[in-house]
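Chain IDs A, B and C follow the sequence of writing; residue 1 opens each chain.
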Amino acid sequence: MQIGQFRVFTFLLLSSMLIFLPVKYAMANGFSVSDSVTNNILMSQDKIRVVTLFQGATDSVIALGLVPVGVVDSWGEKPIYDYLSHVLKSVPHVGLETQPNIEAIMMLKPDLIIGAKSRHEKIHDQLSQIAPTVMTDNVYDFKASLDLTAKALSEEFKGKQVWKHFQERIENLRDGIEKSETSWPLTASVLNIRADHLRLYLQQSFSGAVLKEVGFKFPLPNKTGWGVKLKTKEALPSVNADVFFIILHSSDPAVRQNYNAWRSHPLWQILDAPKHKQVHKVDRVAWLLSGGILGANLMLDQLYQIYTIPRFGR
Amino acid sequence: MSLLYRNTAFKWGVLLLSIGCLIFALMGSIAFGQYAIPIKHVWTAFWAFDPQSIDHIIIRTTRLSRAVVACLVGSALAVSGVLMQALTRNPLASPSIFGVNAGAVFSIVLFSTFFSATSLNTFVLLAFLGASIAGLLVYGLGSVGKDGLSPIRIVLSGAAITALFMAFTQGILVMGQEGLDSVLFWVAGSVSGRDLDMVSPLIPLFLMGITLAMLAAPHINILLSGDDIAKGLGQNILFIKVLLSVLIVGLAGGSVALGGNIGFIGLIVPHMVRPIVGYDHKWLIPISALWGATLLLCADLISRFAIMPEEVPIGVTTALLGAPLFIYLARRGRKHG
Amino acid sequence: MDKVFSVRNRLLSFSMAIRSVWSCLIVAACFVSIILFSLCLGEQFISLPRVLIALSGHGDQDVQFVVGTLRLPRVLMAAMVGAALASSGLVLQSMIRNPLASPDIIGITGGASAAAVCFLSFFSVTLGIIWLPVFAIAGALIAALLIYGLAWNNGVTSMRLILVGIGVSSAMGAITTFVIAASPLSTSITAYIWLTGSVYGTDWNDVEALFPWLFVSWLLALFLARRVNTQELGDQIATGLGVSMQRLRLVLLFLSVIMAAPAIAYAGAIGFVGLIAPHIARCFVTRSFAILLPVSALTGACLVMLSDLFGRLLFQPLDIPAGVFVSAIGAPFFIYLLYRQRF
């Protein structure tokens, strides 16, 4: 029995030592976003070959006047959003945003790859071996995406111009709404209608961030994060706001059915926005999926339309 | 305690007490929720309905439908569990552990992803289909081999089939990344979001199933003593077994169609009730039904308040409540085996 | 009686049927050919000679990159994960004496999934994705300890172990679902892909981290082979033959966890390999553990590699997680085996 005990003991000892292997690799291999940008600034070239691995990056590259040589599939209106389709008509796709095909990227021989840490951290090393790679922290912060893209393409001046133009439009829009709406600032609820529940988007979401810049306020002031999922109609009073922006998640009949069910409920009808007929349907791609500055501009276009303010700047 | 089994008056007492508890839980479920409603409005909502009052409308639409669904699903799952434990003579049988729920979920997810089905009746049929296939697979898988249908074998085959269908459901999720959340509803369970007019056609079906089970109770009692004895006593075993299987699949499938994958109710409730009323299914079935409904109503209350304004999927609550109980029973050994 | 091939020395002493040895060699040949196939096929087809040249470190830089950095680690990871899960399943099936056991049932997958999903939802922003395997392994080990501890009631019987395992798995599954439902949007897709199982994005670090686990545990499994064979005869006979059942059960359970946990940690919760691969192996060889182990491992490896290959090829340029195809291939096979009543 002594040999057996010895064996068991060695075995347990060895296995507990093995757990240190992944820890060792973890500690040796972190990286930071700022490092990757400073190492990868390229001289501005007319025909620079960029591959973008998330929607916001695709949007930002096009906003800066360039066309990527490879993009990932869009989340809706597949394979690429309508507002970008004329620019990206003949551009090949490299797979999904969540799992882009690295071989396909390599075959395009890019000069620069733009990704997002939250999605592509794992493949950063492999991508760096193909081409200089930069990554944003997340996919929804469209200002950060624009800044990073501009810096990496050495188009910082252009980037600042694009942003300045956007800011001017926001100022103009805010003035216009303030003039026509007496009770500014208004609260806004961005509601995404899905097949079996609703989602309310707050400040840390894409549309929330844009609305915040314009000056809208949000319900649930103590809540941080992207938003909440609403499963029961009893939660409606907590999302009360002066205006509702409705995004229908898809053309699935279940979504329509769900929307009608929520709309016809008495709790909906006593809320401020439905009472004052301030419920507006908005475009899913611009408000939810684009993640980039061009999409944000489209959002502003729709807001101009909703508040019947003469369009500025586009 | 065992002497009390024979005392019919005691069992009537338990039955009445169970009905009382259910009514209490029902009232609690209707009275409490995210939107605070004074108790007296709850009362007047039913006796003096005012169509202009928001409180009354909430009570009669959202809260009531939720309570009704919870009652139906809870009782159906509990009765399904009782029948399953009788049929397999295995005290650890339940629709969620034996893959019946998983099969129902899979067929619903499959069809709603590729064929865009939305009507509740379609779901019930799909659930029934999926549940039957899963049940057959588990039974088949458990019976082959040299030892036949032993308890450990059927538990393992149930787990294997559950894993199978869950993996398929997962696969569909990943391939169609858009529909992540609607599928989550089915996988995790929820009793809200159903309109009463959608649900009411199904109420008679559920009641019929439970009534049939109660009518079959004497036969189930005989079946429990073993196949040979039952045959000797003149029972048509095959017919009874098929009937029970159909009832199990129907009740479990219907529950999944209404509320998604809710586990452990079918397991726990019979174990709670049996020590009190014994093995006589004439009492076991109705009292289990009542307690199943009560338990699910309580779980729903917890789900509502844990992370306001969001809700915990009710399948999660029942699993977190039921798993420790299940483990406790497993540790104790199979006293009822 | 079959012709046998035997080895007898101070360390090892075993014999196996010639037929089994042939089957083993054939499976090994399949294994190697699938590896080569996987290296050749992909977004661009690279012919076999060029693959071999690239592997030896010469030739076109691009081809070397594709073969050496992209495809080879991924294929090796798929092979190791498949082998590890299959071995883990085999060990469990022998210990429980039931061919329907698998690492998923014993709660390992559940514990790893819950830990991984918690990490992805709450810590991945602060810590970096490279810590995911650590969390997953820790989760699996904790779950395994919990299950063993809860199943202990003056010793552990297989029945109690399975039941407690199912209970703990259900609780872990509930936690996983809850965390996914409550997590920020962008991580829920990542979590789902992890739960399905994928070897996408594997690099050499991962392969190097996983290999030692497997090597050590396989060695140990081979050393224990004779005892495993003996305990299949039943508790009483085995005790009579000098095998300490409680200790063996603990060691085997731990062995199974040690094999499965890192595999799941690096590739996600791939299911079914642990269940199916030993079954397929049993069709080819005798029931002796010493020969079943390598054949199951190779079969499991082939299964996962094939699944990954399909995932890469079928919907180009999309990269479907391997776990989807493991279920798709494994399940019909399982039902076919059921039909043929092959256990």
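By our rule, contacts are C-beta pairs under 8 Å (C-beta built on N, C-alpha and C of every residue); 3 or more make two chains touch, one makes a residue touch a chain.
Predicted, not measured: the structure shown is a model, and the values here were computed from it.
Taken as a contact graph, the chains are fully connected, with every chain touching every other chain. Between the chain pairs A-B and A-C, more C-beta pairs are in contact across A-C. Centres computed as Cα averages put subunit A at a distance of 36 Å from subunit C. Rounded to a whole number, the gap between the C-alpha centres of subunit A and subunit B is 40 angstrom. Chain contacts: subunit A has residues 96, 98, 229 touching two or more partner chains.
Among the residues of subunit C, those in touch with two or more other chains are 181, 189, 193, 321. Along subunit B, residues 177, 310 each make contact with two or more other chains.
Contact residues on subunit A toward subunit C in their complex (touch as defined above): 1, 4, 7-8, 11-12, 14-15, 18-19, 21-23, 25-26, 29-30, 73, 93-96, 98-104, 106-107, 118-119, 121-123, 125-126, 129-130, 137-140, 225-226, 229. If you check the complex, the residues on subunit B that touch subunit A are 33-35, 54, 57-58, 61-63, 66, 112, 116, 118, 177-179, 181-182, 185, 190, 192-193, 195, 304, 309-311. Residues 92, 96-97, 137, 140-141, 144-145, 151-153, 155-157, 159-160, 163-164, 167-168, 170-171, 173-175, 177, 180, 184, 187-188, 263-264, 307, 310, 312-313, 315-316, 319-320, 322-324, 326-327, 330-331, 333 of subunit B are the ones that touch subunit C when the two sit in their complex.
Across the complex, subunit B is touched by residues 96, 98-102, 104-105, 150-151, 153, 158-160, 162-164, 166-171, 173-175, 177-178, 180-182, 188-189, 192-193, 195-196, 271-272, 275, 320-321, 323-324, 326-328, 331, 334-335, 338, 341, 343 of subunit C.
Against subunit A, the residues of subunit C that register as touching in their complex are 42-44, 62, 65-66, 69-71, 124-125, 128-131, 133-134, 137-138, 141, 181, 184-187, 189-190, 193, 198, 200-201, 203, 205, 208-209, 212-213, 216-217, 220, 223, 244, 247, 251, 254, 258, 262, 265, 312, 316-319, 321.
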